[in-house]
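Note that chain A is present in both complexes that follow, paired respectively with chain B and with chain C.
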Partner chain A sequence: MSSKAKRRVFLTIIFIVNVIFAFIVLFPILYCFNVSNMTKTEIYAYPPQFFARAFSLDNYRTALQLAPFFRFILNSLIVSGVCTAAQMVTGALAGYCFAMFEFSGKNVLFTIMLATMMIPSQAIIIANYLTISQWGINNTYAALVLPYLASAFAVFNMRQAFLSLPRELYEAALVDGCTRFKFFYSVGFPLIKPALGALGIYTFLDTWNYYMWPLIVVNTVDMRTVQIGLGMLQGSESTNFGPVMAGAMMILLPSIIIFVIGQKQLVEGLTAGAVKG
Partner chain B sequence: MRKNGTRVLAGVLAGTMAAALAGCGSGSGSSTGTSGTTTKAAAGATTTTVASGASTTKSADASGKIQLTFWHSMSEANGQAVQALVDDFNNSQDEIYVNAEYQGKYDDVKTKMSAALQSGKDQLPDIVQMYDIGTKYMVDSGLVIPVEDMFSTTGYDPNTIMGIVKSYYTVDGKQYSMPLNVSTPMLYYNKDAFKKAGLDPEKAPTTWEEVKEDAKAIQESGACRYGYAQAIYGWFFEQEIATLGQDYGDNENGRSGNVTKVMWNENGAAKKIMDNWMDLLNSGYAGNYGQVTGDTQTAFFAGQVGMIIESTAILRNAINNSQFEIGTGYLPRFSDAPDDGGRAVDLRHHRAGSRQRIL
Partner chain C sequence: MGKKNGGAQPGAAVSVGPKKGKKTAFRIIEPYLYLLPALILFVIFVFYPFVKTIVLSFSITTPTGTFSMWNGVQNYIDIFTDVSFWNSMWITFRFAIVTVILSIVLGLIMAIVSNEKFPGRGFFRTVYSLPMAISAAAAAAMFTFILHPTVGTLNYVLHTNIGWLTNPKWALFSVEMVTVWMRVGINFIFLLAALQSVPKDLYESAELEGAGFFRKHWSITIPCISPTLFFLLIINVISALQQYAQVRMMTDGGPSNSTRVIVFEIFEEAFTNGRFGVACTESVILFIIMMILTRIQFNLEKGVTY
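Moving on, here comes the complex of A and B:
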């Protein structure tokens, strides 16, 4: 066999293996989609069926009757969008300071900030809730986003990104009379864009899936976010899986779109980090 | 009661729904019939001193109505039912407007309550649906008005509430909450499988011995993979203790004081229940689908299991989801258990939701 033919065989094998792994990863979503099209008897049929007999929107209709999903998706888009944008801005600015500036107490400050990552979010929910209640802003978008406008992870992540830039670049720019902020937005920012993009996607998906905080701080149906909306389809005693899966498909769609849009950035950002440490 | 079979159970459910309707239907001017009497229950809150404080803090909207907030855990079909009851009430009079708000599952509501309790009364709902096991928690919060205090001011007839249900929500001699959705575990069986196994499809097994015999017959006829199954679920254990007429905890299950220890290890109830269950599993005629109740339900709906024990609350789902005819019977009992005493199975309580009025 010529080396070219060998290579072709090798690529074919890789391709087949990839398809198999992709199927394993996608299986839950495919199954979720199929179940969302099934009738009740199909869902409970034995042996279990993978494919629905026919494409049907009945479960979607039921889900939309039980809960206003488009409103939930809109709420989640607002909340996740604001949180993501805010964390990218605050993370990039703070990370830039920690990476490039020299000031007394920098390491102590950075360590304290990192230490907050060890506190489980459930532990501070009540304290946050009391603050929000005192301000009288329960059941508002402000209450939903305020605690998540900045995060230690974002700052840490951005600091690492800025540290990967050669320090000489920064010093040379300052010597040439560039201001610190000008360096940030005209030199640093373009260079860390992949890392910032990755952070954005991560933050978006993370806030998209929040459950506890929105549950506690928001009271009315029109302010609910998607995960709680999905919970509205589940019974305390037993669950009707068709509409639940239909709801899951509906709230999955925006996050898949965000991921597809940001995928290039994510992959670039992750590999950039991996190579440079 | 047990002898009357499932029809009585259905009656129990209907009864609690009626109570809910009556409870929700409070405030209107009508004064006849059950719902008429209860009508005043919520409105009557304003006539008691404690509650009037709460109502004055409630801002009346443009139309001059008192706005009340009602937190509940009813989703899906039950959620629509609760909303329908609330709508009926809101349309029945023009003094009070109730905002019914779904706040997540039972545990979620309790979490929200805990948070709201710490931040002061502003964030608290006026009425909350709390699950049965949260009864003591609500009483201990010190912020609830016992519903019994409103009976006298509103002329509501407490005898319309089943005694056994009333007794569950009575702490320190006072009924604290209004039952809304009381459910109990019962036996569900596959009538088609019974027929195939040569059993009488109209006769549900009543004792564990009969369950074992029927399970054997079903399995040997090949009608189902397993004759019987039940989820590993604390509620069933608790309820079976009740069928034995034994206490779960000391101080009369916490009615005469705080529970300081469990009793089922001392009174032999746990051993008896576990031995029986183990015997069923060892016989090979019972399956084990783990701790998630939904998994056992799925196996039953799929025709893999001939009999399961489950909450009365899943009846509608069971009928909708299975392709065979569903039969129901009482939670099987031990043949040597006290017969039908006041505290037998019928006093089951765990899943009962109830509404409580908050200050």
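Moving on, here comes the complex of A and C:
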């Protein structure tokens, strides 16, 4: 075989392997999407059906009757939106400070911030729950967002972003009489937009998927987030899979959209600091 | 990093400027103002609860979680002599090993095969990273259906009749596989980026010497991306020890406690049994285990040359 033919055979094998992997990843999602369109008879048919006979929204309607999914989605959008915005702001402020300023105690404070990454969230979740209960704010948006308004990851990520700005730019601006805060919001902030975008997408997906915290601080139906709402639906409809799959698709949609739109930025931003020889 | 030097100059350059006197005090406190929001939040929602967890781990609480009396190390003794705690630890340990290794290895294979030049690889890359956008709750709901013993497709396709989530022999394995599916996306993203940073000429010279596909990746790719592999090992172990949502939704810790991971145990002690002190003790142990594991991994990393 010539080396060109060999190469072609090799690439064909690679392509087939890719198709198999892609199938494994995509199958559950596509299949469950199909199931969300099936009637109960189709779902329980033997042999199992892979395609719905007709596109039907009945299961979605049933899911919405069984549980207020739009309300859950609204709650999750509020919670994730607030957490994301807050983590971007608190992270950018602290990151800018650590990247640009010299002040006494800088190293100690930076170590302290990084140390919070070492404390697993599940290990402090009970104590946080007790704090929130003590304040009597269970079942509020405040309870859902408060512990997640700042993160060490965001601080660190933003610090890296500001460190990558040319130092001369900062110095020149200051010599021209620009205040440090003005540089932050009128020069620095726009320049680190890609990193900020990546952080925003990551944080949104992360907080959208939170499960344990909303599970313990909220127990009224109206304040549930999508993840808890889906669990509730699954628990009550253990024999009726159609509406559960419809619910799963409804809560997947926002995160998949955000992921597909922001994928490139997300990947670049996430890996910029981590992958280095 | 490495841009630290020169940091003092801009401040100095400005403070000889015209407005100097008035602004000095502000200049000194200004940096701390930027840190204040994040710092306050960390103190209230990370450091304070951390200390509180440690304090409560040595005490007996009321069923609503307020301190009632000191209990010395009795909570720790109780836990270490409790069979169900050790059962949880053992399950968590197995769960972590299987999910961490498989999700990194699969992520790496996906990264390698989608890093070759062929039409449509962008599509495959998007697909492989997609699971990171899928929440544990949604994944759990989908797989609960697929793994269902009678209506589920898996048994039909494999011609088996296994209660994937209801048979104690299979439940942990099933939850592990679902978790691998969930985790593979994020690992893929990091590993692909690492692969792309491996110098191309290394591969070219290996090819000239006649190294095949597997040989090439074994002796060039793996050593070159070892920093990323270590990084992923740490974040995956930390994450694996804290998995909860899919366990709760798929098996609820059962059958016969066969999927009762440590966080499940903590949750039950606190919110079902109202024993917040014991739950905090278990949280502290979880924290210590993570500390030790990260420590070991950092030490291992130092011993490796790249």
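Simple rule for what comes next: the second predicted complex is superposed on the first by the 212 of 277 C-alpha atoms of A that agree within 3 Å, B and C clash if a C-alpha of one lies under 4 Å from a C-alpha of the other, contacts with A are read in each partner's own complex, and residues count from 1 in each chain.
The definition used in the following text is that a residue touches a chain if its C-beta (ideal position, glycine included) is under 8 Å from a C-beta of that chain, and two chains touch if they have at least 3 such contacts.
Computed from a predicted model, the values in this text were never measured in an experiment.
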Mind working out whether A:221 is in touch with chain B, chain C, both or neither, as first, second, both or neither?
first
First, second, both or neither for A:196, with chain B first and chain C second:
neither
I'd like to know which partner A:138 touches here: chain B for first, chain C for second, both or neither.
first
What is the contact status of A:231 with respect to chain B (first) and chain C (second): first, second, both, or neither?
both
Is A:41 in contact with chain B, with chain C, with both, or with neither (first, second, both, neither)?
first
Report for A:130: first if it touches chain B alone, second if chain C alone, otherwise both or neither.
both
Would you check which partner chain A:163 touches, where first means chain B only, second means chain C only, and both and neither mean what they say?
second
Residues of chain A touched, compared between chain B and chain C (which is higher)
C
I'd like to know which partner A:252 touches here: chain B for first, chain C for second, both or neither.
second
Shared contact residues on chain A for chain B and chain C?
43-44, 46, 48, 126, 129-130, 133, 212, 216, 228, 231, 234
Looking at the complex, which residues from chain A come into contact with chain C?
10-11, 14-15, 17-18, 21-22, 24-26, 28-29, 31-32, 35, 43-44, 46-48, 50, 89-91, 93-94, 96-98, 100-103, 106, 109, 112-113, 116, 118-124, 126-131, 133, 146-147, 149-150, 152, 155, 163, 167, 170-171, 174-175, 177, 180-181, 205, 208-209, 211-212, 216, 226-228, 230-231, 234, 241, 244-245, 247-248, 251-252, 255-256, 258-260, 263, 266-267, 270-271, 274-277
Across the complex, what residues on chain C touch chain A?
1, 3, 6-11, 13-14, 17, 28, 30-32, 34-35, 37-39, 41-42, 44-50, 52-53, 56, 64-66, 109-110, 113-114, 116-118, 121, 123-124, 126-146, 148, 151-153, 156, 181, 184, 189-190, 192-194, 197, 213, 224, 227-228, 231, 238, 241-242, 244-245, 248-249, 263, 266-267, 270-271, 276, 279-280, 283-284, 286-287, 290-291, 294, 306
Seen from chain A, its contact residues with chain B in the complex are 40-41, 43-46, 48, 66, 125-126, 129-130, 133-134, 136, 138, 212, 215-216, 219-221, 228, 231-240, 243
Considering the complex alone, what residue numbers of chain B touch chain A?
69, 71, 73-80, 99, 101-106, 108, 111-112, 114-116, 118-120, 122-123, 183, 293-294, 297-298, 301-304, 310-311, 313-314, 317, 320-323, 351
